[in-house]
Amino acid sequence: MQNKSFSDFKSHAQDIVQTDIIEAESLLLSHQWSQLQQTIETIRQKIKQSGLWAPHLPQDIGGQGLTVSQLGEFSAILGQSPLGHVCFGCQAPDAGNAELLHLYADDRIKKQFLIPLASGAIRSCFAMTEPAMAGSNPTRLGASAELKDGHWHINGHKWFTTGADGADFAIIMAVTEPKAAKHQQASMIIVPTDTPGYSLVRNISVMGSEGDGYFSHGEVKFTDVKVPQHNLLGQRGDGFLMAQQRLGPGRIQHCMRWIGIARRCFDIMCRHVKQRHITDTQTLAQQPVIQVKIADSYAAIEAAQHLVQATAERIDKEGYAAARHAISMIKFHTAQMLQQVMNHAIQALGGLGVTDDTVLSFFYREERAARIYDGPDEVHQLSLAKQLLAKFD
Amino acid sequence: MQNKSFSDFKSHAQDIVQTDIIEAESLLLSHQWSQLQQTIETIRQKIKQSGLWAPHLPQDIGGQGLTVSQLGEFSAILGQSPLGHVCFGCQAPDAGNAELLHLYADDRIKKQFLIPLASGAIRSCFAMTEPAMAGSNPTRLGASAELKDGHWHINGHKWFTTGADGADFAIIMAVTEPKAAKHQQASMIIVPTDTPGYSLVRNISVMGSEGDGYFSHGEVKFTDVKVPQHNLLGQRGDGFLMAQQRLGPGRIQHCMRWIGIARRCFDIMCRHVKQRHITDTQTLAQQPVIQVKIADSYAAIEAAQHLVQATAERIDKEGYAAARHAISMIKFHTAQMLQQVMNHAIQALGGLGVTDDTVLSFFYREERAARIYDGPDEVHQLSLAKQLLAKFD
Amino acid sequence: MQNKSFSDFKSHAQDIVQTDIIEAESLLLSHQWSQLQQTIETIRQKIKQSGLWAPHLPQDIGGQGLTVSQLGEFSAILGQSPLGHVCFGCQAPDAGNAELLHLYADDRIKKQFLIPLASGAIRSCFAMTEPAMAGSNPTRLGASAELKDGHWHINGHKWFTTGADGADFAIIMAVTEPKAAKHQQASMIIVPTDTPGYSLVRNISVMGSEGDGYFSHGEVKFTDVKVPQHNLLGQRGDGFLMAQQRLGPGRIQHCMRWIGIARRCFDIMCRHVKQRHITDTQTLAQQPVIQVKIADSYAAIEAAQHLVQATAERIDKEGYAAARHAISMIKFHTAQMLQQVMNHAIQALGGLGVTDDTVLSFFYREERAARIYDGPDEVHQLSLAKQLLAKFD
Amino acid sequence: MQNKSFSDFKSHAQDIVQTDIIEAESLLLSHQWSQLQQTIETIRQKIKQSGLWAPHLPQDIGGQGLTVSQLGEFSAILGQSPLGHVCFGCQAPDAGNAELLHLYADDRIKKQFLIPLASGAIRSCFAMTEPAMAGSNPTRLGASAELKDGHWHINGHKWFTTGADGADFAIIMAVTEPKAAKHQQASMIIVPTDTPGYSLVRNISVMGSEGDGYFSHGEVKFTDVKVPQHNLLGQRGDGFLMAQQRLGPGRIQHCMRWIGIARRCFDIMCRHVKQRHITDTQTLAQQPVIQVKIADSYAAIEAAQHLVQATAERIDKEGYAAARHAISMIKFHTAQMLQQVMNHAIQALGGLGVTDDTVLSFFYREERAARIYDGPDEVHQLSLAKQLLAKFD
C-alpha cells in the first residue's frame, strides 16, 4: 500500500475507533455479551464497506495486504479499544490461524476453513498451552496425535485456548513424533469443534470473569478425537517452527496493540486530571506528582513505539530471522511499559480508576497477562541476553 | 489480653483461617453470593463459640478488647483471606462504624444500632467519598445537612460506600456548618437505609464486578432525607476530627491486613514454584529469576511488618497523635509493598496467576485500590514529608 | 554530508575511538594530566588530518557541517570514551560557545575568539550556574553587568563553569536589564580570562577530584570586571533565548553521548561476564541474574537511541521549537537510562567495577550529574507534562 | 550493659560524632591524609578517656562488651560519618580481625597482635578476595599454604585487602587442604607484613582515588612467604567456617552503619531543601517532587532499621545460625535502601550534591560497593530464596 493511501487508511480507521468502537465498549464492560456481538457485527459491516477489513490478510483472500510495519502502525490504532481488532477482523487467534491456513493448508482445507474464517463467518481457536506444563517451556507438551488408518487419533488437555467458546475449529499442537529431537516432536492439526471427543470444559474465569466468545479463554479436552490425515498443517514435526513463524508477526502486533492501549490510558489520564478539581482553583493537572507520572508515561510510550516500529521495519527489510532478538526485546520491554502506564493512569484517576466507568480497569486486569502470554518477560530476557552474549565470544 | 492467652488466641484464629475460611473462598471467586453468605454465617457461629468474635470491640459490647498492636497482629492473620475479617466480625466499614457509635452515640442510638451491629445482626455503611470531589482532598464535600424543626434535612451524592448493598444504616458525612473553617464544616449523621429519600443507585462495577453485600461498593443518593436531630454523632462540625480518629486505627489494621495478603501471595508463589516443573528434573523454584522475586518479596514483607508493628506499639504507648506521621508512612509504604508482592506472585504463577483458580488475581484486582483508598500514596507522601521537614526549621 | 560518505566518516571515527582514544583513557583515570594533554594533542592532529575535526561546526570555520541527526549519531560514537569529544574538538563548553560566537558575534570578536577556538588553539568556558541560586530555576541570576562609558561592568559569582581552568575567555550570563520581564533580563558577554577582576577561585572537587583543564569545573568570581561594549553577544536581554538555542542542540548531543557511554558500559559488562568464571565450567555470563541485567540494559539503550534519533531527525525537519517537548523528554529519559545501565554494569563487574581498572567507575561518578546538569530530571518532567497537558484543554 | 547506661553511652557517642568527627571530615574529602591521621588520633584519645573505645570488643581486652543489638544501634550512630568507626576503634577489618584473634589465637599471638590491635597501636588487614576469582563464590581460592618443617609456605594474589596500606599484619585465607571438600579447604594464617615475600603491590584506585591507610584497598602478593606453624588461627580447614562467623556480626554492623549513612544523607537533604530558594518565596522543601523523595527515603530507612534491629535481637537470643537467612535478607535489603537514599539526596542537592562540599558524594562513591562487598546482592538473594523455599517441601 502506498504511503498516501495508507495515511488515509489509518485516519479512516482512527475515526471508526473513536466513534463507533469506543461507543460500544460499555457493552463489554457490563458483560452484555449478546448485544455486544450484534453491535460488533454492525460495525464490521461498516468496516467491510469501507475497505478496511482484515488488514493483516493478503488481498487475494479478502484482506488489505499491509506490510509488517504498516500492520504495526495499524495495530496501535485498533489497540486503543479492546474491541478494535475484533471489529476489523484481525483479532487473535483467528488472525494467526488464518495465516497458518494460508501458508500450510491444502486447497480443500482452505476452501472449507480459510475462506469463511477470513470473512468472519466462522471462528477458530489455537490449542497450545497446557495446564500441566509450564508455559515458559513450550517444547513440553502432553498432547499427542497418532496416525492410524489415515486418521489422527488425538488426546490432550489444553487451556488458555482463547475464543474456544464459539469456535468452529481448533488448531491443536500435539506430539506426533515422540522420538524426534525436542523441537521437532510436535505438529499442528485442524480439529472441527463438532468432532466427537472434543469438549470445551469451561471458560476459565480470568481476573474475575469467564468472559464470552472472543473474550474468553477455554479449557479444552481432546479425548480420542479422530480427524482425517489431511487435517495436518504443513509437515509432521514442523509444529514449533510454524508456531514461531506464527508468533513472530503476532508479537509485533501485540506490542503495537499494547502501545495503542498505553496511548488510550494516557489519554484518559490526561483528560481526567485536567477536569478534576481538588480545590476551587486547582486541578489534579497542576499537581507535580501527577505531572511526573504523565511525563514518565509519555516518554516510556514514545520510546517503546519507536523501538517496535524500528523492529517492524527491520522485519520488512531483513525478515524475521534477522530480527529474532529484537522481537524478544520488544516483547518484554513493551509489556513492562504498558503495565507501568496503566498503573500510573489508575493512580491518577483514584477511585474512578478501579471502577468500570472507564475502560482503564479492564485493561489493567486483562493486560497483566501481557507480561506472561507468548512467553513471560523472563523467558524473553534470558533469550535476548543469550543471543547478545553469543556475539562476545 | 495476656501474652500467653493472646498467643493461643492467634493460633486458634490461624487454624480457622487455614481450614474453614480458605475453603470458603471459592464461593467468593465464583460469585456464588447467597451460598457464600450462608457459609460465612456458619463460620461466624464457630468463631463466636470460640470466643474470638469482634476482636476490635471492647468486651462490654461483645468484643475481645485487643490493644492496637494485638489487633494489628490479628489483622495480619485474618488478612490472609478476603473472608477473614468478615468472618470474625471486624470487616470495614462495620468495624469503624461500631467504634464511632461506641464513642459518640447516645444510649438510644447505641441500643438501636450498636448492639445489633456488634453482634453481626445488622450491617452498616459509611458514606463519605463523593463522585464529584477528588478523594485526595477530603475537606471538599458537596453533601449537606441542615437542621430544621429538630430534624436533619440531608442531600448528597456519595460513592464507594462500601457494603451499602444490604446495610441497615449509613453514617453520612455532610456539611452542617458551611461557614466554619475548612476542617470544621462537616458532621456525621446516622441515616437508616429505609428512610425516604435514601437510595442505593447501584453497586458500582469495580474491577469487573458489581460484587454483593459486604463485597460491594455502592453509589448512594440522599434526596431530602430527614432524620431526627439525635442521629448526629458527636458534636456538630467534628466530622473530620472523628473521621481521623476512625481512620487512624483503621490504617494500622489495613496495613496489617495487607501484610496478611502479602504473606498469602508469598505462600502461594512458593508452593507453586516448588511443584511446577519446567523440565523433567527442574522446577521453577530452581530458577534464579524466580528466586530473586521470592527473596525481594520476603524482605519487603518482613520490613513492612516490623514497621507497622512498631507503629502499632507506639500508638499503644503514646497515642495516635504522636504516631500521626508514622501512620502516613506505613499507609503508602505497605500498600506499595503489597502491590509489588502481588505482582511478583502473579508473574511467578504465569497463566495460572491471572485465573480465578487461585485467590491471587482477586487480591491483585481488589487491592490495587490499597494505594488509593483512605488517601492515595501521594497524599500520604506529601503529608509525611511536610511533617518531617517541619523539624528542620 | 551524503549518507555514503557519512557512513565512512562514522566508521573512520569509530576506528580512532577504538584504538587511539580508548588507549589514552588510562592517563585520565590515573590523573596524569600533562601527559594526557600531550596525548590528546597528538590524537587531534591525526583527526584533523583525517578531515574529521569539529564535526559540529560549519565548514566555513573549519568544521564538518553535520546535520543535527548526523551529529547525534556521531556523538554516540565519540561518547564511548570520556576523551572522544575532546579529541574531535567538539567538547562542551567550547562546542556550544563556538556556535554562539558564530551566530551572534561581530567580525572582530569572531576573528579574535572564534577562529582560534574552532581550531582548538584556545579554550573557553560558559559561566551561567551560580552557587547561591537553584539551578532548577535558571532565570534567577545574581550576576549583573552594567553598561557605563562604553564598557560592561560585571560582578558575579559562578560555579560549575566547566573547563574554566585553562580557558582563554568566558561567556558570562549576567543581568543587564533588571527591570525587564523575567526571561528578558540577562545577556551574554565575553570576558577574556586575563581581564582584571576575573578570578578562578578553585577547581571544585567533584566526586572526589578537582580534575584539570577540560576535565574540571571552576568556581569563578567576577569583581568589577570591565570589558568593551562590543563584547556583548547578540542583543541585550536575549541571554535566555540564546541559552535555549545553545542548549537545544547540546541536549541532543548530550543524550547521544550518554548513549555512547551506555553502549561502552554494556560492552564492558558483556566482555567481563563472558570471561569471568565462577566455577571451573561456569561463567557469570551463564547466570540468569546477570542475563536479566544485560537484556534490560540492551532494551533500554535501544529504546533511548531510537527516541533521541527520532527527535534529532525532527529537529532537522521542523526546527527546535517544534521539538521542544521532545527535547525535555529525551533529556530525562536518556539520563535515567544511563544511570540504570551504568549501575547494572558495575553490579555485574563486582569489585572490579568500582576500581579505576576500567572506565566504568569514572562514568558512574561523572555522569551521575547527567540527571542534574542542563536542568534536573524533575524540571524536564514537569515542563514536558505541562506542554502535553496544554493539548487537552 | 544496662539500658540506662547504654542510653547515656549512645548519647555521648552521638555528641562526639556531631562535633569532633563531622568537623574532621573535610580532611578526608580533600585527601589531607597526614593531617587526617593526626586528627583521628586526637579524637581517639578523647573517646578512650570517655570510656567509649572499641565498643565491639570484650571488656577484658579493653572494649565495651556490647551485645549484638547494642552494637548495631551504636554502629548506626558511628555510621553517620565515614570517620565514625575509625575514631571509635571498631573499623573494618581490624574489628573483625580482633574478634578472630580473640576466639582462635593462642596466647603468644594474642599478646603479640591482639593487645596492640585492640588498643589501636597497630593495624591489620584481611586478605581474602582475589582478582582472578569471582567474589560471588568465596570457595574458589587460588592462594595456597603448605606446611613444611614447621612453617607455612604461602603463595597468593589478593586484592581489596582493605587497609593493607600501613597494616602490621595480614590474616590470609589460603588453601591448606586442597583435597578436602569445597568448604573445608581453606585456613586462616597470620602474616606480619614485614615477612619476606609479602608485598603491597598498590593501593587500588577505587572510584577515582587510591586513598590512604584505613581508607585504602590494597592489592597484595604473597610470594613464597614463610611463617611459623602457630600462626594458623583455629583448625586447619576451618577458614570458611571462621569467615562466616566473622562476617555474621560484621554484616549486622555494616547494615547499621549503612543506616547511619542513610540518616546522614537524609539529614543533609532535608537541611538543604529547607534553605534552598527557587523563587523569592519558595524553597525546594515546598516542591512536591522533592517531598516525595523525602517521604520515600524516610520510610525506607525506618523499615530497614526495624528489620536490622529485629535481626540483631534475634541473634542475641538465638545465635547466628538461627538468623542466617535473616542476615542474608538485611544485607541486600539495606544496601539497596542505602543506594536509593543516597541517590535521592544527590538529586535533591543538584549540582552541590556531586561536589565534595558535602560528604554526600563521598558516600555515593564509596558505598556503591555496599551492594557488592561481603557478597553481592544477587548472591544473598539467591541464598535467602533457597533457604525459604526449603521450608515448602
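Every chain is named by a letter (A, B, C and D) in the order it is written, and numbering of its residues begins at 1.
Basically, contacts are C-beta pairs under 8 Å (C-beta built on N, C-alpha and C of every residue); 3 or more make two chains touch, one makes a residue touch a chain.
Quick caveat: nothing in here was measured; it's all calculated off a predicted structure.
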Worksheet entry | Shared interface partners, meaning chains that touch subunit C and subunit D | A, B
Worksheet entry | Residue-number overlap at the subunit B/subunit D interface, same or different (half cut) | same
Discussion item. Nearest whole angstrom, what separates the Cα centre of subunit B from the Cα centre of subunit D?
Written reply: 44
Worksheet entry | Whole-Å gap between the CA centroids of subunit B and subunit C | 53
Item to complete: For subunit C, jot down the residues that touch at least 2 other chains.
Response: 287-290, 292, 378, 381-382
Worksheet item: In their complex, what parts of subunit B are in touch with subunit C?
Response: 287-289, 292
Worksheet entry | Residue numbers on subunit C that touch subunit A, as the complex places them | 270-271, 273-274, 285, 288, 290-292, 294-296, 298-300, 302-304, 306-307, 309-310, 328-330, 332-333, 378, 380-382, 384-386, 388-389, 391-393
Worksheet item: Touching subunit A in the complex: which residues of subunit B?
Response: 29-30, 129, 131, 133-137, 140, 159-160, 204-209, 276-279, 284, 287, 289-290, 346-347, 350-357, 361-362, 364-365, 368-369, 371-373, 376-378, 381-382
